[in-house]
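So that you can tell them apart, the chains are marked A, B, C, D and E in the order they are listed, and the count of residues begins at 1 in each.
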Amino acid sequence: MNLTLLMYLIPSIIMFGCGVYGFLTRKNMIAIMISLELMLNSVDINFVVFNRFLFPGQFEGMFFTLFAIAIAAAETALALAIIINVFRAIKNVDINQINKLKF
Amino acid sequence: MDYSQFLMMPQEIGLLLVFLLVFLYDTFMPQRSQRMLPLFTTILFAIYTVLAFIPMGFGEAFGAMFESTPATWVMKNVLNVGVFIVLLQAVKWTNDDFVSVRRGEFYELILLTLFGMFLMISSRHFLLFVIGLETASLPIAALAAFEKRYYESREAAAKYVFTAIFSSAIFMLGISFVYGLAGTLYFNDIAMAVTTANPLLIVAVAFVIAGVGYKLSLVPFHQWTADVYQGAPTAVTSYLSVISKGAAAFAFLVILVQAFGSIYSQVWEWMLYAIIVLTITIGNLFAMRQRNLKRFLAYSSISQAGYIMLGVIAYSTVGMASMMYYVLVYIFSNLAAFGVIAVIERATGKVTMDDYNGLFRTNPWLAFTMMLAMFSLGGIPPFAGFFSKFFIFMGAANQGTVAIYVLVFIALVNTIISLYYYLLVVKAMFIRQDDCAVPYIDSHWTEELGLTICVMGIIAVGLASGIYAFLNQTTASMASFFPAIG
Amino acid sequence: MESVGNIIMYFIIAIAIIAFSVLTVTTRKILRSATYLLFVLFATAALYFQMDYHFLGAVQIAVYAGGIVVLFVFAILLTHKPGADTQAITSHRKWLGVAVAMIGALVCGYALFSYGGFCGKQLIGDDGLSIDRLGQMLLSTDKFGYLLPFEAVSVLLLACIIGGVVIARRR
Amino acid sequence: MEIFSNILIYFVIVPLVTLLGLAVCNNRGMAAIRTVATVGATVLVALAAYLVYIFLHERGMGNQAEMILQTSVMWYAPFNIKLALGVDGVSVVMILLSAFIVFAGVFASWKMNPLPKQFFMWFFLLSTGVFGFFISIDLFTMFMFYEVALIPMYLLIGVWGSGNKNYSAMKLTLMLMGGSAFLMLGIIGIYFHSTPEGIPHTMNILDIVRYDAIPHNWQMWLFPLTFVGFGVLGAMFPFHTWSPDGHASAPTAVSMLHAGVLMKLGGYGCFRVAIYLMPFAAAQLGWIFLTLTGISIVYGAFSACVQTDLKYINAYSSVSHCGMVLFAILMFNQTAMTGAVLQMLSHGLMTALFFALIGMIYGRTHTRDIREMGGMMHIMPYLGVGYVLAGLASLGLPGLSGFVAEMTIFIGSYENADVFRRTLTIIGASSIVITAVYILRVVAKLLFGAVQNEHHRELTDASWDERLSTATLILAVAAIGCFPNFFVNIISDSFVPVVNALKAFFPVVM
Amino acid sequence: MPFNYTIAVIAIPLFMFLFLGLAGVKMSRKLTGVLGVLGMLVTTVLAYGVALTYFFGTGQGQVVDGVRQAITVWNPDWLSFTKTLVVRMGIMLDPIAAMMLVVITTVSFMVHLYSLGYMSDHHGNAEKGFQRYYAFLALFTFSMLGLVVATNLFQIFIFFEMVGVSSYLLIGFYYTSPAANHASKKAFIVTRLADFFFLVGIMILSYYSGSFDFDTLVFGSNHANSLEVAQSIIGNPGVATFMGCSAMTWALTFIFIGGAGKSAMYPLHIWLPDAMEGPTPVSALIHAATMVVAGVFLVARLFPLYVVCQAAMDVILVVGAFTAFYAAAIACVQSDIKRALAFSTISQIAFMMTSLAVSSADGALIEIHEGYGLGYMASMFHLFTHAMFKALLFLCAGAIIHAVHSNENSDMHGLHKYMPITSIAFLIGCLAIAGIPPFAGFWSKDEILVACYNKGLGWGIWMTMVAGLTAFYMFRIYFLIFFWNKHEVHTEHEPKDQPWTMTLPLIILAVISIVAGFVPAHNMVTWDGGHLHTQLDWTVAGTSVLVALVGIGLAFKMYYKENPLPERMASSCRGLWTAAYKRFYMDELYQFITHKVIFQGICKPIAWFDRAIIDGFMNMLAVGTQHAAYGVRRLQSGSIQGYVVVYFLGALLLAVITLICVLVF
């Protein structure tokens, strides 16, 4: 049995799917943020796997992942800050309650 | 190590210098002189804007990761002008009691996001592009949450940040696919590696379009727009609606043309076609019934984004020039509108259309400026909006296929709908009467200066043909920028 | 022919990623969710190690697991009473989520699996990424050098810090 | 600057200067506002008269150029858009007409209230657009001025109008803008097919005609676009419905200017752009539009018969008369086309006169319902006589302008030998009877008979500004009616090129 | 040219119109009236001068080979349709034009003079709009003069319109009266309808002949031209025929319809009786003597063309003969004296039309034989005499109406005692119209009847019968007005002969009516300008006089003294009587067509269609867009997750659709 590229992509895709599912179904904003982390993480896996399997010798995918982690960290920090900001106003983190602006 | 390459990016470096000075002022100057910070920043930025007009060397840097061309140079200057107006209009607002504590941060974030946009414009590498995109978009969430008084501001920030991160995840997924196909993230190399359509490429391009389309608020990636525009402070909304959009539009063109130019007619022409039709129509339909002016302008800006995209689908230097011109005109027009809204909101807190009833009787100049803005947005001559619309249609039609003519026709029909709602504003101000109309507002001189610049822009940019000619000349030298259609 | 260890390792990683991903998004307890996320991240780091990107794996653990998850936990503790459940998910929304996620995964999966270039690609030896080469590249200004992104990301982080400050202030 | 040595540009500059002059006036200083407006309008009339003189002089000197006073200054070089000016006989008389109506319009709105300053500013912006349209021979500037002329209508009706003004103003603006959407597409299409391969595209009408490069299959699309685009403004059936509502709600001077001049832009554009540039498609598709305009003529007249609002009657009558303009243009011969221009002149003047009078009557009685009025001739003889004269001009009394125009149209139209066009001509000619019916109906109800409302007995006759306004128009109407050949000589040669171009494709077998 | 001053004949009335119309308001009534009369007097004198010079002068080129030539005095271009098809405004003199100048100016002058008295008060009140009245009279005179001296068909059309509008203005002179208002409108619209046909006729004719000018159409060298024109139209195989008739026939028939409208031929006659709502002098001038004969004049003007187009001639003949009888029959029962006179006018004009139509008795095209053109001459002659005696009758009627303030003959009766001069003048008029020698009507009517007999015995008998009827109804009116019974004085003052301004014209016209028959018309107003040898045909003349006398006798029997005979006769055939009294319901028919069919059946539905369908469609577009705008609002749910679903599905859909497109194509 060989470990091929596609085999590594399967968990990545599933992780992404889980992220999407979580984003769409969770009510807790922090849980949604966690789902987003899953999605970002799956992207990272993609890059790494492509790089390692298809284009060894140059490390663009690897570096992308490296920076993506940094970006993800920044995003998470900001997002959590905003969640807490909202929490201060409405005293919970239920995403269904932030729909005053619509239509 | 060749650090002299940083000299290839004078505008970015200059911007960071401005940022640094503002940061130092904010941090170290005594409390009593903090009131001067907005003015200090604005003047500093004005100086920078003027200096940035001096053309420096053009070319690639960092191994073709970063490219400075006449077009990027012009585009950045256009954005600088817009940001200058935004800053000017925000001076009074940031000195308000509720905001003044955070005024330094406002300017710092504006400057940093602008830096991100510059990176987007100039980057020729997806990594740099993503970083630029994130720099340009994440702090906006913080800006959106700026008005702590209002719950809407917080909600806007939350909506923005979640959708933005989701969008960037999708975008990066798309890039990962591109990487898988091409093995590189350099636009030039991608263009060489990717020449024929395949499912993976199509999905990848769709995701890339979705990612940038989010910034541009193209339908169906637009839904955050209205809520965020409405909730965010007006100064931020105006910044978001013109500067961010303009930069994204240019970057979008660069990506699609530079990285995916060879699959223009195979893949993304039709995607963009559908998106343009949807964007213009949906934006208009939603805008029709809005009463809140900021929300109204949000939808209007969605539909305007559709028009801007006509310059991309044109796939030509003419289209590119027209697009830049459109953005320039759009900056003046929209900033004029937001400027008026900001003044009135600051003075009275009123933002709905009904509050503007009878505005002309009490505040003729504000009403006049607003009317010019609406006419310009609606494409009424002799204001600049007419010229920009006409040229962007010309640019698109230049492509020549019947389908494009149909697209232009759809866009034109939508112009009528858009005119309808722009006229609603005019109607409220001029025709409707109201006994409790907004009283006379003594606006600050900075606001007046900002509005005056906008009005002059609205009137002059169209009539003075030199501007368009200059843009056209700038892009004409970039014919090689557009790879042959595969 | 892969070594058996690698294969076993792959399966462990894959199963861990899949299982904990699913658990992350399905568990009702938010703190558990964060914990499962941590496991997913660890598994991902393991995958990086398997790919011989040791530095990346280390960063993954340090930044993600060590930084972000802790951030999550803080946030959860700030906003929740300990042990509180999240509300039950209404079923139509669940099915909507499942459907959308499935469609997304299927489309991506189809795209990836239909692309001929990926078929049967296997790992080829060690690609020779030494830490000093990595450092060189990170600070290089030439092609495949990442000095500019490196500087740019610092600006991004600065911006996010300032943004965080703005948001976090009470007024 | 080369362009400032051309008299034509002053037709744009003078209204703009007037506009600026008004802008510095105080809103309450009625005298200053009136003075500035009057001076502006008078200068325009003088300029127009001088232009006619120059035109006749040039022609007399043997200048046979298709357009005289041509100046062309590059404006938007990337698209080869020029500020190209030039006039032929048709434009000259249209400019003369516009100047007259602007002049009369100023006096008709002498007592405008509220916001007189703003009213006149919009009014002069509108005239800027009108004049600019007529002096342009570049499609882009033409289109630009066209839209400049349209948009002030919205505010003029919306702010100073009466009745259901919001609805009317919006409807008018949107429908006309809808037309201009068609038009813009048409212009863009024309531009990109204007020249043979290898030569830069052009917007200049004369160049487009010279190159004659628009492919026939494209013409078949572009012609309807441009024709309908202009036809909307020309109140062509079934795109005319903005007209009744718009006119009914508009203030007097605006109705005058709109019916008098603005609707002429439609007819002029149809000829200058649609037919002139695309003779092939015009010959092929002419019959469709001919049918529509034929319907317009009769349909408008019949509709007018049952209206009870004075302005609605006039608006429908305008539909009928403007239908005749397009109808004649589509007859593709010199006589009919000359008739079309005469009809534009005639309709412009007499409809302006009508609306001026209606405005004056309405200003006194505060009703426009003919059922509520009667015996006005007794109460306000001056206005009554004016109204009768306008009516007689409208129904085509010899000695007034309507007759000359209609006869030229009918005789010219009948010159076409095919049964289809002849039948339509006869159907169209029958409108002279229907016109008589509705005009006389109004005159009988409004002016003659017993006084319906005793309060009306106290009303006064026209004041001096109103008299001046109407007298100007009546004199102009009579001048055309009595000395038509003066105008015909100016106009008719302008149609030689277009008729020659059409000859190649016409008559077509249907 | 000796005729240059003819321009003054036209110009003076025009000037008077403008002068009185614009400046009249500022002048006193008396001054206006005197100026108007003086102006007309000058015009009349000049016109007589022109006519006399034309008929009796021997200037160069005036008479060639014993044939009077048409003289074009003045003919500038007025409106150029094309380089060749030009409308000119000019003055052309030929026999009938010269004759018409005399007729018009005479009657007009009489009316001007008469109006000084008549219009000074209206039912006892000072008349308003005296100045206006004179201005309009001048306008009418100008238009009518312009019409008769026209050099081309289009000029005739132009002045047709002008006289139409003058007539409209004068009928509606009492504009506050609803009846006058209605009548003026009706007159204008009916004649306008006719003019529409006239226009179509002109269009057809000018298209084929390439000209409007009479010079080309009918006055070529010895009329050869008109034959050529006609031949070229009829004979040209390329020229379309329509419904079996040549373009020429259609054109001439349409032109005739135009004339029929003005001349009140059946069925376009309905406006004329109503037109009597105008002031009586106006009726005398316009609706008896001059304007109503414009149709006859038109046909006469184009006579050389009609001659070669038998079909059109037949139409005229049938219409004319029928109208003559029809109008006479109605005139027998009318109680309003002006209406009765109006129907008499219709009948008499029909006589002229018939006479024209029988002129080419055997249908010969080219051959000119004895008696050919007799009808033409007779018609013109009758036009002349009729103008005089009918004007007389109307002016008399005006005097009577002025005296008793009523139009109904029931309010009159027995006026002979009070108004002897008027009575005698009226009698002279009646005798003239009845055709009793030696009064004017006898001579002209006799020649008409001869022409009719030439055409066919049937036509002759028919017209003779009508002539008898004429005598009957005229004397019926006469007796009813002046005898029948004693007059019952309704008003405070007794009726009496009117002041000299009104009586003098009566006397003058009465004298003319007596002597006009001796004018040698056969030497003057022939169709080709030459001489026509005529002699009294005693058989015809005798018969007609006999018939007329019978008619008079019958009238005397029935109406001289009050007796129940008329009532009995009326009740014996009540239906017929009522029908005649109601003018055979033609007005009701028109009323039905205009109101029920056109107004309710066409205009209203069209107006509804416009509002509901066309405008409704436009509004529907707007409302539809609004609804769509409202409908899509749900998309913007305000929920982040909803946004993301749209976002993600949108991106996927974009990909999938493109994918499918790429795979399929």
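General remarks:
As a convention for this text, contacts are C-beta pairs under 8 Å (C-beta built on N, C-alpha and C of every residue); 3 or more make two chains touch, one makes a residue touch a chain.
None of these values were measured; they are calculated from a predicted model.
Looking at chain D and chain E, the chains in contact with each of them are B. Chain centres here are C-alpha means, and the one lying farthest from chain C is E.
Taking the CA centroid of chain A as reference, the farthest chain centroid is that of E. The two chains most heavily joined by C-beta contacts are A-C. In this view the innermost chain, defined by its CA centroid being closest to the centroid of all protein CA atoms, is D.
With centres set at the average Cα position, the gap from chain A to chain E is 97 Å.
Centroid to centroid, with C-alpha atoms defining each point, chain B and chain C lie 32 Å apart.
Annotation: 65 Å between the Cα-based centres of chain A and chain D. One finds 42 Å separating the Cα centroids of chain B and chain D. Among the residues of chain E, those in touch with two or more other chains are 633, 636, 638, 640-641, 644-645, 648-649, 652, 655. Annotation for chain C: residues 93, 96, 100, 104, 107-108, 111-112, 117-118, 144, 146, 149, 153, 156, 160, 163-164, 167 touch two or more other chains. Taken residue by residue, chain D touches two or more other chains at 174, whereas all remaining positions touch fewer. Pairwise, the chains that make contact are A-B, A-C, A-E, B-C, B-D, B-E, C-E, D-E. The touching residues of chain C, counted against chain A in their complex, run 1-2, 6-7, 10, 13-14, 17-18, 21-22, 24-25, 30, 33-34, 37, 40-41, 44, 47-48, 51-53, 56, 59-60, 63-64, 67-68, 71-72, 74-76, 78-80, 86-87, 89, 93-94, 96-98, 100-102, 104-105, 108-109, 112-113, 117-125, 127-129, 134, 137-138, 144, 146, 149, 153, 156-157, 160, 163-164, 167-168. Within the complex formed with chain D, the chain B residues making contact are 318, 321, 375, 380-382, 386, 390-391, 393-394, 397-398, 400, 405, 408-409, 412-413, 415-416, 419-420, 423, 426-427, 430-431, 465, 468-469, 472. Listed in rising order, the residues of chain A touching chain E in the complex are 20, 23-25, 32, 95-96, 98-103.
On the side of chain B, the complex with chain A involves touching residues 126-127, 130-131, 134, 138-139, 141-142, 145, 151-152, 154-159, 161-162, 165-166, 168-169, 172-173, 175-177, 179-180, 183-185, 226-227, 230-231.
Remark: chain A residues 1-11, 13-22, 24-28, 30-31, 33-35, 37-38, 41, 44-45, 48-49, 52-54, 56-60, 62-63, 65-67, 69-78, 80-85, 87, 92-94 touch chain C in the complex.
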